[in-house]
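For reference, chains read A, B, C and D in written order, and residue numbers begin at 1 within each chain.
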Amino acid sequence: MTTLTLAKALNEGLRRSMEADSKVLVMGEDVGKLGGVFRVTDGLQKDFGEDRVIDTPLAESGIIGTAIGLALRGYRPVCEIQFDGFVFPAADQIITQLAKMPLRSLGHVKLPVVIRIPCGGGIGAVEHHSESPEAYFTHTAGLRVVACSNPADAYSMIQDAVRIDDPIIFFEPKRRYWDKAEVDLSAPGLPLDRARVVRQGDDVTLLAYGPMVKTCLEAAAAEEGRSIEVIDVRSLNPLDSGVLAESVRRTGRCVVVHEAPVFNGYGAELAARLTEMCFYHLEAPILRVGGFSTPYPPSRLEDHYLPDLDRVLDAVDRVFAY
Amino acid sequence: MTTLTLAKALNEGLRRSMEADSKVLVMGEDVGKLGGVFRVTDGLQKDFGEDRVIDTPLAESGIIGTAIGLALRGYRPVCEIQFDGFVFPAADQIITQLAKMPLRSLGHVKLPVVIRIPCGGGIGAVEHHSESPEAYFTHTAGLRVVACSNPADAYSMIQDAVRIDDPIIFFEPKRRYWDKAEVDLSAPGLPLDRARVVRQGDDVTLLAYGPMVKTCLEAAAAEEGRSIEVIDVRSLNPLDSGVLAESVRRTGRCVVVHEAPVFNGYGAELAARLTEMCFYHLEAPILRVGGFSTPYPPSRLEDHYLPDLDRVLDAVDRVFAY
Amino acid sequence: MTASPELVQLLTPEGERVEHPDYDIELTAEEVRSLYRDLVLVRRVDLEAVSLQRQGELGIWASLLGQEAAQIGSGRAMAETDMAFPTYREHGVAWCRGVDPLYLLGLFRGVHNGGWDPYEHNFGLYTIVIGAQTLHAVGYAMGVQRDGAETATIVYFGDGATSQGDVNESFIWASVTNAPVVFFCQNNQWAISEPLEKQTRIPLYKRASGFGFPGVRVDGNDVFACLAVTRKALADARAGQGPTLVEAFTYRMGAHTTSDDPTRYRMAAELEAWKLKDPIERVKAYLFKNQLADQAFFDKVDEEADQLGRDTRRRCLELPDPEPVAIFENVYSGPHATLEEERDQYASYLAGFAE
Amino acid sequence: MTASPELVQLLTPEGERVEHPDYDIELTAEEVRSLYRDLVLVRRVDLEAVSLQRQGELGIWASLLGQEAAQIGSGRAMAETDMAFPTYREHGVAWCRGVDPLYLLGLFRGVHNGGWDPYEHNFGLYTIVIGAQTLHAVGYAMGVQRDGAETATIVYFGDGATSQGDVNESFIWASVTNAPVVFFCQNNQWAISEPLEKQTRIPLYKRASGFGFPGVRVDGNDVFACLAVTRKALADARAGQGPTLVEAFTYRMGAHTTSDDPTRYRMAAELEAWKLKDPIERVKAYLFKNQLADQAFFDKVDEEADQLGRDTRRRCLELPDPEPVAIFENVYSGPHATLEEERDQYASYLAGFAE
């Protein structure tokens, strides 16, 4: 066991992936000498060379578009989008090309492209640096979407993501980059498409992913009266709905938590789907706690915008008030 | 009263808007001499000149980006995106600029930009010409999102959209462009942000917008045993949730219908929100009927992919089977 | 368009061979006859497809009429291992790469979205979103560099496409990485209803100068010139000399697609003028004048074309509709829980009707 | 970078006036002193902001250190009705447009995302998404054309930004519409950690040639040259002569932002070499040598700068945090049902704590 930050765990995972397969490339803005603005690719260019760790022109559509071409040539590019809010210039390449080309080819083409996106707020940043764009991608068939929440998962999930032949949007909770935990570098991780019960409980189920898993665990620990189960969704698409439904049926109550705006956010899918799956077991409607239906606010207001322990527990109270 | 196709009603509405305000511009690919590939802007360049009806370079980001600039200079651009699947190159300008600049300016800036998008399938087209991308925009705070379903609404809604100071994504159901109906050219329409009960019923509520309104009306007419209420949502954001909730509370059952993939589609928001609003009145979970969680299929399969009368009634049956 | 210092032409509309200092090409009679045959056959397939569409057998068709020389010239310039990335109109290039026309018909009929194996033919999938493929080509070429292979990549796009951000980004990437890629722009003067002036105010081949690599304009209706210019550009790429932009100056003789009505936006006179520059007629004239082929040869090619047309039609009509379950296939490379659930539900829904 | 045919320079690093055939400029002593004052004051505000960030009062700051001449020269070239579209680093231009530095501090402090009135100052909002503003500028200029106004638009962007699709699209739109717009690229040699070679293999001003409009490279550390070149480009735009690309060749003396550590990727020697070309020192030398200012003047400017720095700091610290309800304001121009519901719910949630 080694103690690693989440950022370093990703770095280690990428390193292993690159060692295991010479076709794995890392590309993006400032990923080389600088090692990325969050240092997730630190040292990789030094060790694997400029041909495998590519500082690209400043153009996100170009990053994903050329990554598709590289994948067509047999490479496995891992692209870094510098911040969540800068993925949109690449939206067309992701949505119309990356997600659809395997089908277009009737399966002749596989596009093992990983798109790493540091996401979420809470770091006091300026506009576009704190967003949670997952719903744009969970609604895009052909993509897998995953979110890691802790160092051990980060380490295993990034390696799985690189190994899998589908295009994957890989969300990294930027405000948790410096959180440390023990990581067993040789143990196999939970398969990429599985959810994990991270805390068992009987009275209510909290569903979260990425940065909000920690928040929910804190809320569960702080809550005195009720026994709270917390599930880390991990894979947003495909969704491991069986694990979630089992829990919700057992507790009869559920709150979904994410940072993205609630309106048509990923929580809507969780709520709608689990309501259908667990209707007769529900004591109350599934409630959603998330960002407001506004652009991410200037950072002096982000503590209001982001779900925190209090807002999660308030929702727990409300779900019991039914 | 005049009989108009939906396309012609939009054309008339645009004409009135341009007559009423010399700042209104129409811009897009092929909107001039050709009158747009669906002829919605037919004759406008002839009557209002090339300065007001602009055939643009073939670049969607450019269309929206320059429209923002024109709006900053006091113009009111109505942009045409030629087909749903081609809106993605403009995603960045729409999501990071158009939707957020008014807030960025603390309200000094208004961006009255309308983005018309012919949407949906059922016309036997090739890839990218049959999609329903509304969820990408309903999840984007700062945008209004509306969808018209019939000639009379098309006529009034487009004029309202042009008049309102917010950026608006305006969906047009392309397979209904040639549907005809009576339009009263002088009557004021229902306000843009209001839903409309288009058929009253007691047993179950069908929620739809755009092309699926007609499908739901046909399903309601075909159904023999049950009394089906059909609501045309019209405004997806903001949502007229009061009208919807009133109906669902009354009927106790609800089915949401759209063409977009169900997974994290707009139906998820409707289902999650209305479940919360109407929990104690629901006899069954709100069911969703929509496209599958796949890219839009080749056209020889689209009849399977698109919700039709049978699939809607099947969901109605299921919602009664609970 | 007449021969000019800035336009590479090796065969005049009248079928006269002309010399160009930078682009010489020696073609045997056999090679010229073979090019002629290609031109005639792809035009025939195209005509058949237009007629199939008129009869409701295809949803739509994008005709290459008038652009045969640009496509056959460039397509035949490729080495077997070179890779091509097309738009939706490169039926002539597809032909050169050995892609069965049935795939193209299947796409426009709505049976699939392309479906051939890009690796088998070194020919990418048709790309409908304007310009997106240019970046794929550069990425592929970057892969070639890493493999140390002697392989060139060629990417096709139209005059309208030059306005897209992606196309310009691809110029940047190719230039900065010195990627072995040839940008082949068929300037057919129109992007649906929009004439060239809506996309640029200078000749398109000059765009390359702003990115620091060579651009050349070639008579796109001259199959010899297209062959020579593309051959050189591909050779340069393979030799590590980086990208070239080729502007093939040509004309879209037909409608944009079968859904389009060009009489709404362009003059008949323009079309008539371009008819005189037909890419096939000039090769035929050249073969005749130089007695490189006799009437029997032309008859044989015509017959072959008719046969191909008939076959194509028959096989198109025989194309089976896909099974509904195909909707769920090939979306992901392996099992996907949500999708399987939907598939099973839909299967049992369908089974309900059978009962 | 030394004066060369391709680099417009009017004032050497040593403070010598040089002539250029195309760009002559007559400046009164008063005007030069005023430029000097601008340069010193904006540098002072910038330093204060860096220090405020170090003390935790700002979340981040993007320093303009080294780019003062490019910004003041171009900013002072504008007529009052001309419109500017900045990136996130144009503090000097903001100064010229009369935007209170407090707005810039408020943005980087996280109080708002800009918030000044673009119409009051003819200065657009800061744009963080690289390149997006170039299209806004062209659209604005298209509006100017429709108004028949004699107004030029200038848009700022960096060397890195030239790789973005949007920037290249904006070149196309400007060229095709002959829009009255000046593209002002501050080539400060770096895009965060990436040197210029990652974005282009030829000088950036040449990009314009690929789009059919003029490009010019100016010494970006020479405020006279930046003033002269921009003035001419703006005048050309107003006179209906269309767009110009100005590449201001300069250097980012500081870190990319306060979060950045440039020692990880660039050599100290490079920085030292550029220090000798400081944009302020050469104006000071010029004023001195030509006895256009005395020590009292320099002292006064320094004092003014100190005063400005102190004021800026004090006012920054006094900036009130916005009320939570501000989250819901200015998102839409009028009532919005969903938002109001969320606002009210959150207000009563907050009220619950107060109880």
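The rule is simple: contacts are C-beta pairs under 8 Å (C-beta built on N, C-alpha and C of every residue); 3 or more make two chains touch, one makes a residue touch a chain.
Just so you know, these numbers come straight off a predicted model, no measurement behind them.
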Exercise for the section: Going chain by chain, each one touching the next, work out the least steps from subunit A to subunit D. Expected result: 1
Problem - Relative to subunit B, chain with the most remote C-alpha centre - result: D
Handout entry: Separation of mean Cα positions, subunit D and subunit B [Å, integer]
Key = 40
Exercise for the section: Mind checking the centre-to-centre distance between subunit A and subunit B? Centres are C-alpha means, answer in whole Å. Expected result: 30
Handout entry: Inter-centroid spacing, subunit D versus subunit C (mean Cα positions, whole Å)
Key = 45
Handout entry: Of all residues in subunit B, the ones touching two or more other chains
Key = 56-57, 59, 61-62, 85, 88-89, 92, 96, 100, 103-104, 127-128, 141-142, 237, 263, 292-295
Practice task
Mark out which residues of subunit C touch at least two other chains, giving numbers and ranges.
Solution key: 112-113, 129, 163-166, 169, 172, 176, 198-199, 331, 338-339
Practice task
Flag every residue of subunit D that touches subunit A in the complex, lowest number first.
Solution key: 59-60, 88, 107-113, 128-130, 160-161, 163-166, 191-194, 198-199, 259-260, 264-265, 321-322, 324, 326-328, 331, 338-339, 342-343, 346, 349, 352-353
Completion exercise
Contacts from subunit B onto subunit A in the complex sit at residues 85, 88-89, 91-92, 95-96, 99-100, 103-104, 127-128, 135-136, 138-139, 141-142, 237, 260-261, 263-269, 271-273, 275-276, 279, 284-288, 292-295, 322
Exercise for the section: Please give the residue numbers of subunit A that touch subunit C in the complex, ascending. Expected result: 51, 56-57, 59, 61-62, 64-75, 89, 92-93, 96-97, 100-110, 141-142, 144, 164-166, 193, 237-242
Handout entry: Partner subunit A, residues of subunit C touching it in the complex
Key = 112-120, 124-125, 127, 129, 132, 134-144, 146-147, 165-166, 169-170, 172-173, 176, 329-334, 336-339
Handout entry: For the subunit B and subunit C complex, residues of the former touching the latter
Key = 29-30, 32-35, 37, 55-59, 61-62, 85-86, 88-89, 124-128, 262-263, 292-295, 297-302, 304-305, 310-311, 314
